[in-house]
Amino acid sequence: MSGALTRRALLGTAAATALAPRARAAEQVIVGTWGGDYGALLASNIDEPLVAPMGIEVLQSVADAPARKARLIAERGARRGTMDVALLSDVDMFEMQQLGLLDALDMGRMANAKNIIPALAKPYAIPQIYSAQVILYNPDKVNPAPTSYADLWDKKYRGRVGFSDLLYAQITATAALVGGGSMSNYEPAKKALLELKALDAKVYPSNETLAVALKGEEVWITVMWLARGYQWQKAGINLRHAFPKEGATPILYQGAMPKNAQHKDPAYRYLNAMLDPRAQQGFAAKMGYVPTVTNAKLPEDLMAQIGFTPKEQEAFLLPDYAYVAQHSRDIFDFWNRQFKG
Amino acid sequence: MSSLSLQGLRRTYSATVAVDRVDLDMAQGELVALLGPSGCGKTTTLRMVAGFVLPSAGRVLIGGQDVSRAPPYARDTGMVFQGYALFPHMTVADNVGFGLEMRRVGRAERATRIAEALRLVRLDGLAERRPAQLSGGQQQRVALARALVVNPSVFLLDEPLSNLDARLRAEVRVEIRALQQRLGLTTLFVTHDQEEALTMADRLVVMDRGRVRQTGSPEELYERPDNLFVASFLGRCNIFRGTVERPGRLRAGTAALPCDGGAPGERSALVVRPERVAIVPGEAGEGGLPGRVGLVTYLGGLTDWHIDTPAGPVLVTRPTPAEGDALRRLSPGAPVRLDWTEAAGRLLADDEHTADKHRQGDPR
Amino acid sequence: MPLLLLPAALLVCVMMMAPMVLLFRYSLNLYSPTQLMVEALSPANYLNAVRDPYYRDVLGTTLWVALLCTLLALAAGFPAGYALARMRGRWKAWLTLLTIFPLMVGNVVRAAGWMTLLGNTGMLNAALRGLGLVGEPVQIMYTTGAVVIGIVTVVLPYMILTLASVIESIPRSVEEAAANMGARPFTVFRRVVFPLSLPGVVAGSALVFILCMNAYATPVLLGGSQFKMMAPAVYDQFVRTTNWPFGAALAFILLFVTLGLTMAGSALLQRRYRG
């Protein structure tokens, strides 16, 4: 950032519109989160049973991830931020970290931090829940069961492959793997995506519209988080999942603290509560995400549906956050103009 | 063959009957005024002629042709609306030429006829103005020209003078009548103003609550009304209720009043116009109706005397007497006798409702 | 009195103008993936947007969808507005309420309604298949047609109410006078009602055109992700790629094009039908 004008200007708009923190005797923590089911699960598994008894009032500041990212960015020059805990996916959180918006966390202040699965630990965020990207397919239409991302390029499934527009970065990564690239080289994705376009692949504006298309058998096969697949199966959609032999990309939902958070102490306690085994189990049963701590055990049948075997976990393909952040504009433009256009 | 003929015309709106059993035959060039209080059905009748309202029963014939079901544009009537209804986005010339254009009159002929019509209503020179740039009287004349220029089989006027001030109204009244006579237009004219109707019309149709109460020349209606409604609606009158004693005498309380015939024993209403009543000062004298002077109203050329009599209050209108005349010196409380000829006392069937509603000149 | 009005006028000015001024300033900055925005005074964003055939396409789509929707709304809204204006009594109140009713539901909710109606497993396709008219479902969702239907229904109430209020001020007797002069109903419409409704036609079309140009939820939900109009493109730049300067430039291009066309269209219509 080169000048003061932009920072102050950003501050002006954001501070005027954002939730004004109230200074009160009773402790408060403002959590920037998704609404809907997710917000409700936070309330019923964390806010009420674990945080409220500590005398901390939780205020959810609800918005979609992009809007909350924009707010964090907009407030970056402000001494007093309007979020104490920021919840985002790993890719988004990395971007926020890159922009220097997040505090390095003092893990010693969170008793549950020692139980974090080491592979999921980051110095700037705690992992809340995770899942991984798999192939979801309609078993009546897709035969035999797919084993590789490359199966989506099979001419048999012309016009029957569909994606959610929200997952464009992940789909591009998948296409990169199929095209011979890697998590650090999306260049080959372009050719693969154009092949898929020639096969009449569909793109739906949201996860929910994709679910409707799967339910109506407009499309038969997609790539999606296993947790979503679990929710959709529970909702009665005829789906199975297959673990791709290329390896699954995990998606991690994290909690972090903006540098300008105003209630840091209750924020630490909130982050600690997110790692509590009871909270983790609640999310797993309802949303199909896997716990990120070693001491949260799930029933075996549930684990079979949403969990990943040690072998699968070994094959996890971690996103190259730096690569994605650097190329985010190109990835989006290609997706938008060439693939969808 | 009549120019315009209405036969048993009737129009109902759900439960209400707006117009019922209206019959009328108009000769070519005749001007007939539909007269009555508001809500009497006169405007609905006119709109049935124009085609804006379809009759529930009965027929409308224009030039002998049944147009009862024809749409307005196929009826060849020219109508002047109450608010003039000029086309505000067109010039005066375009307003006037609109009907000609619809009749596919060629451009050159159209221009000639527009100019002619505008000259007729004395608006030459204002052809390129917009209606909003004209005075009320001028707008009125544009509306007239627009309706006249197409030479309609029937000329319809819906309260055309009601938006003008009193002075202009008298002027335009004469103008319309002159135009109508010059062009020989069969004209149906709706008004609630009896003076307008009396001065302009060849014949009047007095309507009340959807029905025609009487049709005839202004003189017939004023001098020989068929019923109390017509008598009291047109001009002012005194009404006495009583029983016919013998032909020529009506007994109303203690008074025996002159009337034009009647069958003994009949309950009747006696109508006397105020200007037909003679006043004799003093108590002396035979016959007539004794009374005392109430209010005296000086009207310039005429004077109204309100006389209290045993038969009720009576209004007398006379040319204002000369200075020194005994009548001129009558002051309130002075005794008088009232009298009129048998012919001036018209006996009518007693219809209390309308009589009380429209009785005028009553000092109460 | 003018002095007393000053604070309120000032407040409105600041609240309306400040964000616009700020946004315009952003549009001259440059984007950086690591710093969000680099301060500059550069026309680069505007030039990039205008030179890029992709955004020219998006703007083109936006324009013709907006124009088509405006024309359809006018064609559908005129008879409705006329009927509403000429109605009397209790019916009028009820129908006015019914016209306003859709405005009480958000665009997203209405788009969702259309999705359940028009989807491949939606009611329309179910009906068509039930009647044996089609074998395979007809693809309506995620087509331009679906977007046009959706936008027209969103903007229709504005058109109807604007037209009705103007038509109401045209005396009935003026129409009757035209009919009396021999004009058939269509001629009455063409020569009298339409020219006199022109202020309403201009106002309604301008309002609706602006709403169409800025449609967001309907094209996103009914057009699917392949269909792009300007407002969603602006959103993408701000929110999905956090390229605020370019998003701001796109927003201003949309604003100027909309403004210019609205003014030009109004002037043209006014001149064409004056007299």
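As written, the chain order gives the labels A, B and C, with residue 1 at the start of each chain.
In this text, contacts are C-beta pairs under 8 Å (C-beta built on N, C-alpha and C of every residue); 3 or more make two chains touch, one makes a residue touch a chain.
In this text, all values refer to a predicted model and were calculated from it rather than measured experimentally.
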item: Chain occupying the most central position, where position means C-alpha average; value: C
item: Longest centre-to-centre distance from chain A, chain (CA-based); value: B
item: Where chain A and chain C are represented by their mean Cα positions, the distance between them in whole Å; value: 35
item: Between chain A and chain B, centroid-to-centroid distance (C-alpha), Å; value: 88
item: Centre distance in Å when chain B and chain C are each reduced to the mean of their C-alpha atoms; value: 56
item: Contact footprint of chain C on chain B as seen in their complex; value: 50-52, 71-79, 81-83, 85-91, 94, 98-99, 102-103, 146-147, 150
item: Contact set on chain C toward chain B in their complex; value: 171, 173-174, 176-184, 187, 191-192, 195-196, 274-275
item: Of all residues in chain C, those that touch chain A in their complex; value: 19, 22, 25-26, 29, 31, 33-39, 54, 57, 115, 119-121, 220-221, 224-226, 228, 236, 238-243
item: Chain A residues touching chain C - in the complex, by the definition given at the top; value: 1-3, 5-6, 9, 12-13, 66-67, 69-70, 73, 98-99, 165, 203-205, 209, 212-213, 215-216, 218, 325-326, 328-329, 332, 336-337, 340-341
